[in-house]
Structures are given as C-alpha cells and as structure tokens.
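Heads up, the next two complexes both have chain A, just with different partners, chain B and then chain C.
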Partner chain A sequence: MLLRRIYQFFIIYLLGIALLFALKYTLRLSDYVIPSPDEIWRTGRDYAGPYLLAVLNTLAVAILGHLLSICLATAVAVLGRLTAWVGSFIRTAAYNIQAYPIVAVAPIIFILLGDGLASRLLIAAMICYFPLLLSFIGIFSEPVSDIEHFYESTRRMTWRLQVKIRAFENIHKLTTVIVGSATMAMVGTIVAEFIAATAGIGYSIRIALYQSDLAKILVALFLIGIGTSLYLVGLERAGNALQKRLKSI
Partner chain B sequence: MQIDFDRICFRYPNSAGDLFNDLSLRIAAPGFHALFGPSGVGKTTLARMLTGAVAGFSGAIRTEGVRQVFYTYNLERLPGWSSVREHFAETTPAANRTRLEELIAAFGIEACVGARFNRLSMGQQNRTNLVRYLLQDFDVLIMDESLANVDELTREKIILKIKALFPERCFLYISHNVAEVARFCSQILILRGVSKAPQVVCVQGTDLAQGAVPPPERLERAMLEIVHAA
Partner chain C sequence: MKRASWVVFSLLFLLACGPKEKAEEVSYRLKWLYNVSAVGDLYADVYGYFAQNGLKVNVKPGGPERDALKELELGYAQFGVASADQVFRAVAKGAPIVVLAQLFRVNPLHWIYRPDKTTFERAEDLKGKTIGVTFGGNDETIMRAVLARHAIAETQVSLFSVRYDYNPFYEGRVEFWPLYLNAQAVIIGEKLDRAGEKYAFLNPDALGVRFVANSVVTTREMLEKHPGTVKRFLAALRQGWQDALDPHNEEKAVQVLLQMDRETPAAVVRRQLAATRTLMLPAPGAAFGKIDRDAWKQTAEIMAAQQLIPAQLNVETVLMTDLKN
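Up next is the complex of A and B:
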C-alpha cells in the first residue's frame, strides 16, 4: 500500500518535471524561468532539511485540523440524523454552506485571528470539514432497517446504539471518506500558510514565490507529496486494521 | 385474547388501486395461526398495521388482551460487533433467561452462538433472529417468512417447539407453503385480491401438536380448502 502510493506520486511528480523540461527546452526558456536539472538537484540538497521540517510542521497542523473536523462533523451529523426540525435544519444548512468556496473565507479568519497556529488550524479544519460533514450526515441519517427494527420494536433503541449500528455498518465508507478528506486537510493547511502563517511549508513556498525560485517550489512539492502519501497510507492502514478487528471473530 | 380487523380500507400513497377494501377478519384465540396468500396481496401490510407501523387506513383494529405485538421477518440481522451469545445476553429480559438455553438447543444453534451473525448460514441467521424475539415479552408474534431459509425438517421441529413452549401466546405465521400451514396452523387466514369478496377467507388447519399425527383426510381437506380459497 505504501509503496503503491509512493510509486504513484513519483510517476506524477516525474511526469510534471518532464513536462516542465519539455517546455523549457522546446521554448528555449532561461534558467530563471525554469531552472536546470542541476540547479534543482543543488537546491534539493541545500533545502531538503529545512523544508522537511516545514512539511512536518504543516503535516502536524493538518492532522490536528483533520481530527478537529472529524470530531465536529461526527457531532453535527449525529444531530443531523434526527428527523425533527433540528436535523432538517442542520442538513439543509450543511448542503447550502458546502456549496460556498470556503477558501474565500480564509482572509476573514486571517483578519480576525492574525498569523499563527489558530488561523492555520481553523482554515485547515474548515476546508476538509464540509465534505466530511455531507458524507457523515448521509451515513448517519440512513436507517439500517434490518438491524434497527428489533431495537425499535422492543424499545431498546438509544441514540448511541443507533449511531453505533450505522457507523459499524458503514465503516468502509467512513474510512474512505476520512482518507479522502486527509488530502483536503493538507491543502487547507498550505492555503492557510500562504496567507496567515510564519511557519510551515506553505509559508516557505510563499517566500520562494516572492524570490521567483521555481527550484525551491519543486523541492517543496516533492516533500509535500511524500508527506501526504505517508499520512494517507497511515490512515488507510489504521482504517483497514479497525475494519479487520471489528469484523473478525 | 382477540384481534379484530373491522372493515379495513387502505391504499398506498401514489398507488393506482386499493390494497384492502372492506376487509374484516378475527383471530379469536391464542395459538399458531397463518396468514396465507399470493405475493403482493397485502399480508405484510396487514401484519404491520397490527403493530402500528402502517397508518392511514380507514376502519378499525380492535384487540383484547394484547399488549405487545412484535413483527419479525427473515431479512433481519444482528449487529456484527459481538457474538450471537453476547447479543442474546444483552437483549433477553431477566425473567426469560431460563428459556435461552432451551431455545438454543431446540433451534439447533448451539454450535454457532459463539460466532458473529454475519458468519452464520442464512438458515442459522433466521433461527437466531427468531430466538431473540421469542425471548421477549410479547402477546402476538408475527413471523413473516421468518424461517424461509431453514430446511423443512428443522422448520417442523421449531414450529412444534414454539407451539409447545408458548401455548398462551398468539403467532401469526406468514408463509407460502400450503402443506406447512395446513399441518401446523390453527386458523389459516387466506388473503385474496381486492377484487374478490370477501377479501379474507378463514380455513381451519389441523393444528398439529408435538408427537401427534394428523388424520390424512383432514390434512388433505384443509389443503384443498386453502388452494380453492386462494
């Protein structure tokens, strides 16, 4: 699983680099626009260390933001499964709000909270929250009649049991959605660092952008890809282990 | 114990025609009764009306001496997070715990109670599901093809055991097996299409008990009456 993800990333990354070089040599672009392979290699050697630390910093915030959004989405989806007006209101609000590009709200958060961890965390959590919420609402609102019927009939059904049944029956879907939203958390954190941080790989990319240093950006992208792949593999492994444990005798 | 369906008229929303038109029937005593009829005639709907799960009909359902009605069907499942025995332990009222082992043995599921539900065969799943309902406090239990995946011999043993263990309760057995309902059921309520009047015909089954052999001519007559009425 890990090797497959890393292979996939390497293929995409190398294809991207190949395309850049094809453009460079076809259009005879200068090293200032697209750096030479030698310059990229040297930049990689000089900046791999500090950029790796910056990626780890970003990854830590992304994981924290992801966890935050999973907890929040679970809590809201548990309320949203209700058939009463509260549930209906939450479902309608979620469907409407998710249609709005949350990235556009990021500057407001920056203005209100300024630079720093809080802004990065909040923006990261918000960007992966709505896709999670919609899936969670769908999963927790869908009755599993074949199992729930007995508990409803015998009046043993509690909200905890209902959530447990629906989560257990949809554990594969939940895992897939959580793994899928992990990339969004990473994207959200980097976006936050572009505008509201003095740390993290997004901040490093912003500086490289001001310096028009494409080599640094390519090195940063390489490390982001590796970091994200490792996080996704970690989540997939945890999800598979959980599913295996729940379904084994 | 008495259950009366009095002049029931019902049509599903967006449906072209009535499902029931002036349907009346009476179950006058506890015992093992059947609800019989072709597919789509409304057996499940009628059963669910009795539990209160289907509303929006005209007429009345009146009961005497009935406090708790359960409806069970053959597609029900137990949650997969623990073994069947653990589920039984969680869902069996304290007063009925003494019956648990007896039912497990009678239903032939001793070997599989340690496993999770999704590891069982469909026949074992049907039996397991029925056991947990039988362990509840009920007056009427509707069994909607609850033993559909169980072989004939085991099904016979189970039905006879249920009849022996719960003579004071009322069972409404929904099945498409003419011979089975004719042999084991007391009152066989044959539900017919809405175009036929009356919509329900009652035939007396042989109500076979454990160890008894039904007179062949009685059984044959009951079967003929069922086929003729349906």
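Up next is the complex of A and C:
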C-alpha cells in the first residue's frame, strides 16, 4: 500500500512538473517564471535537508492537531447524539464556524496565543475538526435499528453500548472520514505557519514566495506530498488493523 | 454655390462620422492594492491622461500573490510596478525586464521606534536592540545591509520575525518595527499620538543604504516593438504623478484615492499623501521618475553581498535611463 501510494504521488507530481515545463518551453518563459530542471535539481540538493526537517515539524503538529480533533469530535458527537435538538444545535454551530475563513480568524488566535506551537495546533485542529464533527454527529446519531432494538427490548442498552454499536457498524465510514481529514490537518498547519508561525514548511514557503523562488516551492510541495502520503498510509493501516481486530472479536 | 456648400458639408459630416482611431489598450499591474503609493497612476487614469495619449489603460491592483514581472512575461500585462530587488531577482533568472522610471526617490520602508525608550542617534546604537524584520522580505535585506555597512555583527542585534500583528512593538518587546512611512506609519503614528507616546523613524537612506523601491517596468520586447506606446504611457504616467503630488491638486488626488479605496478615511489619506510627497518629489528642476543609477547599483551590490543575486549582474542593461529622464 505504501509503495503504491508513493508511486501514485510520484506520477501526479511528475505530471504537474511536466505540464510546467511544457508551458515554459512552449511559451519560452524565463527561469524566473518557471525554473529550469537544472535549477529545481540544484535547489532540491541544497534545500532537501532543511525542508525535510520543516516538513517533519509540520507533520508532527498536524498529527497532534488531528488527534486532538478526533478526540474532541468524538466527545461532542457522542453528546450531540443524546437529543435531536442538541445534535442540530451543534451542527448549526459547526456549519457557521466552519464558514469563517481561517485567514480572518488566525490574527485573533495569534494575538491571543502568540506565534508558537499552540496557535499552529489550534488552527490545524480547527480546519480538520468541523468536517470530522459533522460526519461523526451523522454517524453517532443514526440508530442501527437491527442491533439496537434487541438491547433496547431486553433493557440492556447503555449509552456506551449504543456508541460502540454505531462505531462498530460504521467503522469503515469513520476510517474514511479520519483519513480524509488528515490532509486537512496538514493543510491547516501549513496555512497557520504561512500566516504567522516561525517554523515549519508553511513558513519556508512564505519566505520562498517573498523571494519569488518557485524552485523552492516545488521542492517543498514534493516533500509535503511524500510526508502526507506516509501519514495517510499509516492511518489507513491503523484503520484496517482496527477493523480486522473488531471483526475477529 | 448652394450645391457646392452642400457637398462640402456632407464631406465634413462623413469625415466626422468616419472610423475614429481606437485607443490602444494596455494593462498596468500595480505592486500593491490601490493605495497612496499608486495615487499618480490612478490620477492619470481618472483624469484622462492615458486617453489623451491614445491609450486605454487597465490599472490593475497588485497584492501579495500578484507579481507584475511574471505577468509581463506571460503577457497578462504590458506595464507593471516592481521594486528593485524584484527586478534584479527576475533579471538574474533571465526575465526580459527593463526599468522605465523610478517612482520613489527615497525608499518608504522605515523602522518606527520610541525615542524616549530606545536611544538611537547613530547606527551603532542598534547594537543590543531587538529589530523587527520580515524574513525573506526586502526589509530583511535592507536591515542586514545597514548592519553590514556599519560593521555590526548579526550576533550583536536580535532580529524578530514580523507579521501584521503590531503587538510586539506596542508591548515594547521589539524596539524597531518596519513599516511604510507613507502608509502604515500614518495610522500607527496616530494610535501612538492618541496614547501620548513619542515616536520617530529610522531611515536606512540616512544611514547610507539606498535600496530602490517601486519602479515602472516593461518587457524588452515591448520597448523594442512598441516604443511609441511606451513613450506615450510614460508621458501620461509622469504627468499623472506630477499633478497628483502637486499640493494645489491635493483635494482632487484625495478624491481619486477615496474613489478606489473606500476603507481609508479621508484625513488619513491626506496625511499619507503629504508623506508620499516627501518620498517621491524630485529635486526642483528634475523630472519625475528619474532613475537614480547609483542607488540601483548600490541595491545590486547589497543583494549580491547577501548572495541573493549573482555579483556579475549588469545593472546598466536593465535601466532605460535614456528615455527622457
């Protein structure tokens, strides 16, 4: 799975680069607009090390933010499942808050928390939290009538059991949503770094943009792609292992 | 006789109704959003100077994601505004860019500080201070040049990463904060005035670092294939700037800006305009837009010293100083 995911990413990346080169050589654009293969190679050689560290830094914050979001979304969705009113209230709040552009909210966060780890973590969590929450509320609010009916008629149903049944029956959906939101956590962290942090690959991209250095950005995108692919594969593997374990019980 | 005059009248009528010469359409990409640093460009457009020169100019706002130099090369714009560092970076990578005119005589980038809390009389006073810079931005390049020129090691100062949040400066954690003298300085200065705080500005130019800011650029191809258009564009632009910065036309210039930028109050625009005059107006008798060759050379030297461009870049080939400067 890992190998497949990596070579699929390579294909997409190389297609993108090929398109840029096609444009460059067809329109005879200078290296300022689109860098030459030689410049990209040299930039990759010079910056792969520091950029790799920056990507790992970003990835670590993204994973933390993602975990935080999963825990919070699970807790809120379990609460939201209790009554239709609470569920609909949380949904409305989630839709509204999600509609605020993060670039407008970020300055407030940075004023309150400074430009350190806490702000990056919060923004990463905010970006991937609401999609997670909405899916989780949907999953945990939907009764699995066939199974729940038995426990309800025998009066053995507890809230924990209800959550377990709904999670077990929708484990595939939950895994898909969690894997899908992982990329959003990564994007959230990069956006946070781009806006105000002083570390991570988002910060490096910002500096490269100031210097109009597309070669650096292409190297950064390559490493972000690899980092994200690795994280997604890790999550998918964990999800599959969990599904297998649950089925074997 | 009557018949002859009828024929003459008909001919004149036909001539008047004949196909008019269509204004040549070009796009002009600014460096930043519509603000006081583009007042002359907008003035030339609103008061018809471009039209009088047979041009229909689409003056497009710039911004953080817009790069006029890339747009010139891609053909999305025919003229643009870029700072000298942008020009050199582009030219160093083979972009066919030429500089037509220099808008700012003095770079508007300054550092604000509180004179009652921070002693600053000469460059050496920077030692031990916390100085805000935008890493990767031209303020970092300028500050590093100031430090290098006065033999101040980077270990002797503390460089602080600056963003749009001014709190580190307000709280006194950062002693010198970069801003544009004709834009944010007016607004921040007003806030500090209200708080009863004193403030002053560090001008890199006064410390011997002349780093060229906004200039008008085009492609070499445009200059070679359409020299007439370039000359007419420049003539209209120069007239626009001269008139916009003329104190007699202040109210007209303010109205032009307010028309394009409804967010900034008129009182602020007036003060910004006054600050812009001090940075842009040439010495009496000199033409507006004159390219300061020495300042361009120094800018290139600063960038080469910081390894941002190759040392062998030929500055002269980029500057079109013979275009009636």
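Details
Following the convention adopted for this analysis, the second predicted complex is superposed on the first by the 232 of 249 C-alpha atoms of A that agree within 3 Å, B and C clash if a C-alpha of one lies under 4 Å from a C-alpha of the other, contacts with A are read in each partner's own complex, and residues count from 1 in each chain.
Basically, a residue touches a chain if its C-beta (ideal position, glycine included) is under 8 Å from a C-beta of that chain, and two chains touch if they have at least 3 such contacts.
None of the values given here were measured: they were computed from a predicted structure.
Once the two complexes are overlaid on the shared chain, A:Ala208 sits against chain C while remaining clear of chain B. In the overlay built on the shared chain, the residue A:Ala196 is in contact with chain C alone; chain B does not reach it.
In the superposition on chain A, A:Arg156 contacts chain B only, with no contact to chain C.
Judged by the touch definition given at the top, the superposed model places A:Trp85 against neither chain B nor chain C.
More residues of chain A are touched by C (comparison of chain B with chain C).
When the shared chain is aligned, chain B comes close enough to touch A:Ile165, but chain C does not.
Those residues of chain A that touch chain C in the complex are listed here as 27, 29-33, 35, 39, 107, 110-111, 115, 195-196, 198, 206-212. Listing the residues of chain A that touch chain B in their complex gives 146-147, 149-150, 153-154, 156, 164-165, 168-169, 246-247, 249.
Chain contact summary for the complex, chain C toward chain A: residues 64, 67, 69-70, 73-74, 86, 89-90, 92-96, 134-137, 161, 163-165, 167, 308.
Of all residues in chain B, those touching chain A in their complex are 51, 70-73, 75-81, 83, 91, 115-116, 118-119, 129, 132-133, 136.
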